[in-house]
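The structures come next, written out as structure tokens.
Heads up, the next two complexes both have subunit A, just with different partners, subunit B and then subunit C.
Right, the complex of A and B next:
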């Protein structure tokens, strides 16, 4: 769909030069794989289960399951690892204080006690880290790899409100258009000698840029609405209501996933 | 750190976030007239692109939250718009978890709607006064970030006393963003008011229909 897919993995747009936009392309095409509804519901159930798990061994098994799913849908390795590390770096900020703030016996490594670090605090930090990584990896594998357009249609088939789905699809549709427009305006600013820095001038200039983008995109949305009415839009996208039933293979995959998740819960309870 | 990952918060906080966000989105969607969906969708793509821009601050960089501006431009529709944006960020980039989506939406959308309502009140109180509107926009930009920072800190602190240090850090890291976002929002709103003020007009007339299509 777009030329920014090659750079689009980090979801970050730098003010200077290299611009990284969101990737709107699904990692794989329409064929193959389980029914998208199964993938969305499965990711949600998995996230609920993992958040409720208490013990590290079950969480490591969950992490392994998520890793298996990521390998199965062939998530790009480098980009996925980069995203996980970005989140982990972020979480260290919140978790680094836990070994110091949770009361309990000091952490002992190989018989040597490390007094300021408490053992329960360290375990809690590791537990949280494992949960966050397992959920994120499974979400990227099952839902992210669908691509946002199929996700929108899947949400419609799962009974999300029409207006919400339309809003979702419009947002997705114009992300790429507006990202390109942003880059055009930024190129023009650079051509006029603008250099981004930590100063009021930068913040105001980028503010004006996005004010301009708001005005232009609003005019665009009026044209879109007019064109849609021209073609007889009545408030529904007819092809959203595609209701193919689950195949036997889908049922098999779904039941296997349920069984695996039940086993995970059981391990956690019995541990 | 407005995107809290999964596994951090306690169950009562997660449940409260889901309840508030579901109610807010339902109300926002109910008030959203179908004819305004393209407008709201296109504007939320603008805010999505803008929130990916990284501003240099010292050796590091920060990105904006823009919930103040979202509230000013979209009013109650900020709730579903922020839900869509955060869902996309979680699914495409892994920013924020799935179960905490409710809490993350609540922490950003409640301040957004408050800022939007306050901004509209100022505009009605001083009709045609661009300076008052721009000042209100700057305050909305700062207040959106501040309230979100406090809400994130409160979500952490309510989940366990051991997160108090992290909660204080979160508020601290939001302070530079507040300053940048106040200047940014004032500039963006100032430009829109000069070029096409109708964009920021209260869409009250269509709201009265409660989003129902005329027969």
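Right, the complex of A and C next:
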């Protein structure tokens, strides 16, 4: 258990709920849980479906499904709400302007018409809000808890191009190194009295800072490549990924999810 | 086993830019059981010598003989790199996999070990350097000392016959330095150690070699 207590990423894996199975082995990314491929594919299909929905009952059902998934994997309430609100913040302007700009009959609430607000515009705004939050919530529940490393591996197993997956994983690995390099240089600049302002000296210095970061990154990438060659790398990554096929339980969960989504689509079409 | 030297460099010259040679007809041999302290001022070409030995750089002239054969082309050096483990100065250069365990397993997998075998080797090697609990950690969350030990484990997992250690104790706290020294002292491999820390070198070295003016000189 010490390995688990020590694992930086396992804080995320512990979010896996009972239905999706126990968390994966923190060392080798394997274990008894539902196949991560199911989560990624499921989230993608759900997003496609929800975007296509037309009617309010189906949308509310989709929101409820996403909420159910979030509860099942025990997403932390506070952090999740903050993330959803952050996304909604981006849409505020568009949503607020829709009721005023979409032509149509004025919105009536309890028999009283509210002339500047159009009914179709208000519906559109609410629809967009519901769709976006349902998709986001489901993505957080299914994909967010995977963590970047397992997400990368899962994408590879789903047939994403190797180069893209490696780019993704190398980014995860070296983002922090580059950021520290940036902060070190920046601190060194401050230590010599540099204060950013709107003048030529500032622009030139910042330009040199980023130029130096590029040079260092390039040199580092060469050193990393050299270190990889020293350990026998000849251009192909050995595959440590878990090649376990889908289990009967995985199939069960996958089919149940498909059935739920089909029902959702049916409700929307028949309404 | 090879009865001759593990490495024999003869008349090796190398320059990054013309006119300022780093190595100038340098000779160097490494024998089984040696622990060579490689010293010399900063920027004199000690790291360059390591890179020449494992074929990351090619000499302008002279020959690099390793494990009983002259090595010239990239392909010749694949076998050399499997048997001579190079520990880099900056462990961030060496650890590139998402997790420590995968990083340690990377070398064995490249050597054609099965995933199950590679895992077993990785776990055993991490145990040996005292990092067992960190196997699942994401490498960039490790401390500097843990990174160095993980990088050493990554090198040891390939079961090399020679260790080329480039400033292994650089920027380590006293405790980690002590741990590393103890681990290194217990390893049977022939070693070449670049370091500016004489106290550390005195505890391990059986031979002292100084790189100066492009030549390697036996030193006491």
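Keep in mind that, in the parts below, the second predicted complex is superposed on the first by the 201 of 271 C-alpha atoms of A that agree within 3 Å, B and C clash if a C-alpha of one lies under 4 Å from a C-alpha of the other, contacts with A are read in each partner's own complex, and residues count from 1 in each chain.
Here, a contact is a pair of C-beta atoms (placed from the backbone, for glycine too) under 8 Å apart; a residue touches a chain by one contact, two chains touch by 3 or more.
Please read these numbers as outputs of a predicted model, since none were measured by experiment.
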item	value
Subunit B versus subunit C as contact partner of A:172, first or second or both or neither	both
Subunit B versus subunit C as contact partner of A:107, first or second or both or neither	neither
Subunit B versus subunit C as contact partner of A:230, first or second or both or neither	second
Which superposed partner A:38 touches (first subunit B, second subunit C, both, neither)	neither
Touching partner for A:149 - first (subunit B), second (subunit C), both, neither	second
Contacts of A:203 with subunit B and subunit C, given as first, second, both or neither	first
Touched partner set for A:141, first subunit B, second subunit C, both or neither	neither
Touching partner for A:261 - first (subunit B), second (subunit C), both, neither	neither
Partner with the higher number of touched subunit A residues, subunit C or subunit B	B
Residues of subunit A at both interfaces, subunit B in one complex, subunit C in the other	10, 148, 169-170, 172-174, 177, 220, 224, 228
Partner subunit B, residues of subunit A touching it in the complex	10-16, 20-23, 43-44, 47-48, 50-52, 83-84, 86-87, 90-91, 93-95, 97-98, 100-102, 121, 124, 127-132, 135-136, 139-140, 143-144, 148, 151, 161, 163-164, 166-175, 177-179, 182, 196-198, 200, 202-208, 210-215, 217-222, 224-225, 228, 235
Residues of subunit A touching subunit C in the complex	2-10, 25-29, 148-149, 152, 169-170, 172-174, 176-177, 220, 223-224, 226-234, 238-240
Residues of subunit B that touch subunit A when the two form their complex	1, 5-8, 11, 14, 25, 29, 32, 34-35, 37-46, 48-50, 52-58, 61, 63, 73, 80-81, 83-85, 87-95, 97-99, 156, 161-166, 169-170, 173, 180, 183-192, 195-196, 199, 211, 213
In the complex with subunit A, residue positions of subunit C that touch it	51, 54, 56, 78, 81-82, 85-86, 88, 90, 92-94, 96-99, 101-102, 105-107, 109-111, 115, 118-119, 132-141, 154-155, 158
